[in-house]
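Heads up, the thing below is written out as structure tokens.
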Amino acid sequence: MTYGNRLRATSIAAALVLMVAFGLAFFSAKIEADQGFSQKIFYVHVPMAIVALCGFVFGGIMAIQHLRTGLAKYDLKSYVAIHLSVVLGVGVLLTGAIWAKAAWGTWFEWREPTLVSFLIVFLLYCTYQPLRFSIEDPEKQSRYASVFAVTAGAFVPLNFLAVRLADPYIHPRVLNQAGGDLPDSFRLPFYLGILGMALLFSALYQYELSHKNSRAQLRQLRRKLGGEEEAVGRSAAPQVSSS
Amino acid sequence: MRTVLTLLRKELLLERKVPQLVPAMALFSVTTFVVFHFALQQRDVDGDLAAGILVVTLLFATILGINRLYVADREEGGFDAFLLAPVDRTALGVAKALTLFAFLVLVEFVMVPAFAILLFGPGVGWELVGKLVLVLAMVNVGLSVIGALVGALAIQTRARDLIGPLVALPLLVPVVITAARALSPVLGADGPGAMEGQFLAVLGLYDLVFGLLAYALFDFLLED
Amino acid sequence: MTSVLAQASDTVPDDNTGYVAAAYLVFFALALIYFGIMAFKLQRLERELVELNELADRKLAPAKPDAAPAETTP
Amino acid sequence: MSPAPPGEEAAPAIELAGLTRRYGLRAALEDVSLTLPAGATLVVFGPNGAGKSTLLRVLATLLRPHAGTTRVLGHELPKDGWAVRGRVGLLGHDPLLYRDLSPRENLRFHARLHGVGDERVEEVLDAVRLGLRTDDPLHTFSRGMVQRTAVARAILHDPALLLLDEPRANLDPAAAELVEPLIGAASGRTRVISSHDPAGGLAEGDLALGLVGGRTALLAPAGEIDPAQIGALYR
């Protein structure tokens, strides 16, 4: 079984769509009245956040599959999805901080519930790797990680609900992020941005799966050829014994 | 259900014979109030601040409890003994959540009066007590459900004292948010105000969702 | 470069150009770092493959002395 | 003895074919096959880390087998583990007792988990003769006393299969004699014993299994084995 089949197509599509999306964002989207040029950060920040959150939830769904079937490949998928989403999450928080500085003059805005929720979710998922790392038995590691991934996946929407509700101020919401009252010239680059980011995520996801699979195949081949067993140290990554 | 009672009875018996958790958590919460007093440089607190201090102190005391909740079972073979018995495995999770709930109630009997004496400015009346009991009961459900789940997750890791709090804290942020928001009008300077139902609703939803989730997932944390 | 882009847009640029540039740079830097890690992993994979190939050669050589050596690029 | 459900009397107590259990990529047990008739005793020899404890834990349903078929008391593991649970008694290195509770409290807890009445608790407490100390907390006990309590725990629910990991390790001769009718051959139970004592182990067993590195190094009726062969396993 190979994971890398669609990798090239996805990568090219991701690059193209992101280029078009960012191009449209700069050249055709109107400058937003309140915020001016800094609102352009929106087109990279929000798609990243949406894709990262979907990645977390996707990781939770794969974890459910893993717990139901016990197949290692679902644990691998859950792991890769969460891992990539955490990386995207770093980008979300950095771009979010920059945007907050440009728009409101502070690096972090506690009254912006979306940003706060994202920070909490991000902090939770930061413990995923240490959790895996501190369980030695690989089978137990993947099962526990899946329990965590399911719990955290369910936590994502609930947390957003709680934080949004707690916001006592009527903060001027720059954009309705549901997309409902986005002006038309904003909408196309925004949607393309989400699509491009999702494609990028998908490309990296396929790359990671393919890489992990290749490593597992290599290790198996080495064992078949009777080479000395590579010292397998304690690892946080799932070990796929065969494809 | 019988199994849950058997396990619960064992937990309470252990705690009664060798009291460990409840005194530690109670002492910790009182000390935390002292720390808050000096850190904030305030004699009297009310409203937002009072609600925050109360909820956060309870949260930290819970973290203490989560870390110790499964230690006896892990170190003295209680897990194996339980797994050898022909009983439903989820019963252990339910029993642990109930145990933590019971401990939290006991701790609150010390903690809440201590808070009223040491820090709380406005007077205490029956209306306040009633509302406080309602909110704390819902908070306790959330804390004990997450505590039973995360405790079981962390106990099998090598760095269990680290993993437990690291996972539990972010997971419990919504509980803190909704509980503090619900309590802040109750602890207001001009006597208990009306609570906003939406916070209690979200807290209830949180309790429900994670209660079901923990119930469904607990089995997977026991198998070897 | 972004100031050019800002001018190309339909209004006068304000002083926020730097922030926008920074935000997009964060994204591209992240992507590039990721590509770097990917390259590193690929390199390791390649090295292991070469190693294994040599191992296979050594294994097969005594059994079939005249078998053509595997085509490894030096 | 708890009455065996119909159809089980004929079945062997333990049937293993190619049993494998891994920890990660390392195999703790590999391709172990044997059949043990009901009422018979299997002795397992092998150096530390050979897989003895793993085998006992797999048979006790505490560890899930990864490959091969494992039938215990006529039920396939791990699928039908629930049917086996409660019918095996495990006596391992850990007593599986709470240190802060007394023997009586511990046993009552286990009795409730297994659906056994309190009068049975008194019966086994009498049998291991803890005397007046049945209400003292366990952490005040000597290791031998703890082990006697653990024996009481293991047979409390009258298991059909006893899994004993060096059962006499902490017992003095008198205590060993005391528990003999409970966990010895006279108890009439099917037993799996892990042992480091070649002569004693062979005398007690019907079938002997030698494990080295998780693999079967020796499998024969105990009567046909020279203790020297067992000694060779440790070299």
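Think of it as A, B, C and D in the order they're written, each chain with its own count starting at 1.
We take it that contacts are C-beta pairs under 8 Å (C-beta built on N, C-alpha and C of every residue); 3 or more make two chains touch, one makes a residue touch a chain.
Predicted model only: the values in this text are computed from it and were never measured.
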Result of counting contacting C-beta pairs for A-D and B-D, higher pair: B-D
Cα-centroid distance, subunit A relative to subunit D, in whole angstrom: 49
Inter-chain centre distance, subunit B versus subunit D - centres from mean C-alpha coordinates, in Å: 40
Subunit C-subunit D separation of Cα centroids, rounded to whole Å: 56
Multi-partner residues of subunit A (each touching 2 or more other chains): none
Set of subunit C residues in contact with two or more other chains: none
Pairs of chains, among all present, that meet the touch criterion: A-B, A-C, A-D, B-D
List of subunit B residues in touch with subunit D within their complex: 2-3, 6, 9-10, 13-14, 17-18, 72, 76-78, 80-87, 223-224
Footprint of subunit D on subunit A - complex, ascending: 137-139, 232, 239, 241
Touch list for subunit C against partner subunit A, complex: 5-6, 8-11, 13-14, 16-17, 19-20, 22-24, 26-27, 30-31, 34, 38, 41-42, 45, 48-49, 52, 55-56, 59
Interface residues, subunit D side, partner subunit A - complex: 23-25
Subunit B residues within the subunit A interface of the complex: 149, 153, 156-160, 162-163, 166-167, 169-171, 173-174, 177-178, 181, 198-199, 202, 205-206, 209-210, 213-214, 217, 220-221, 223-224
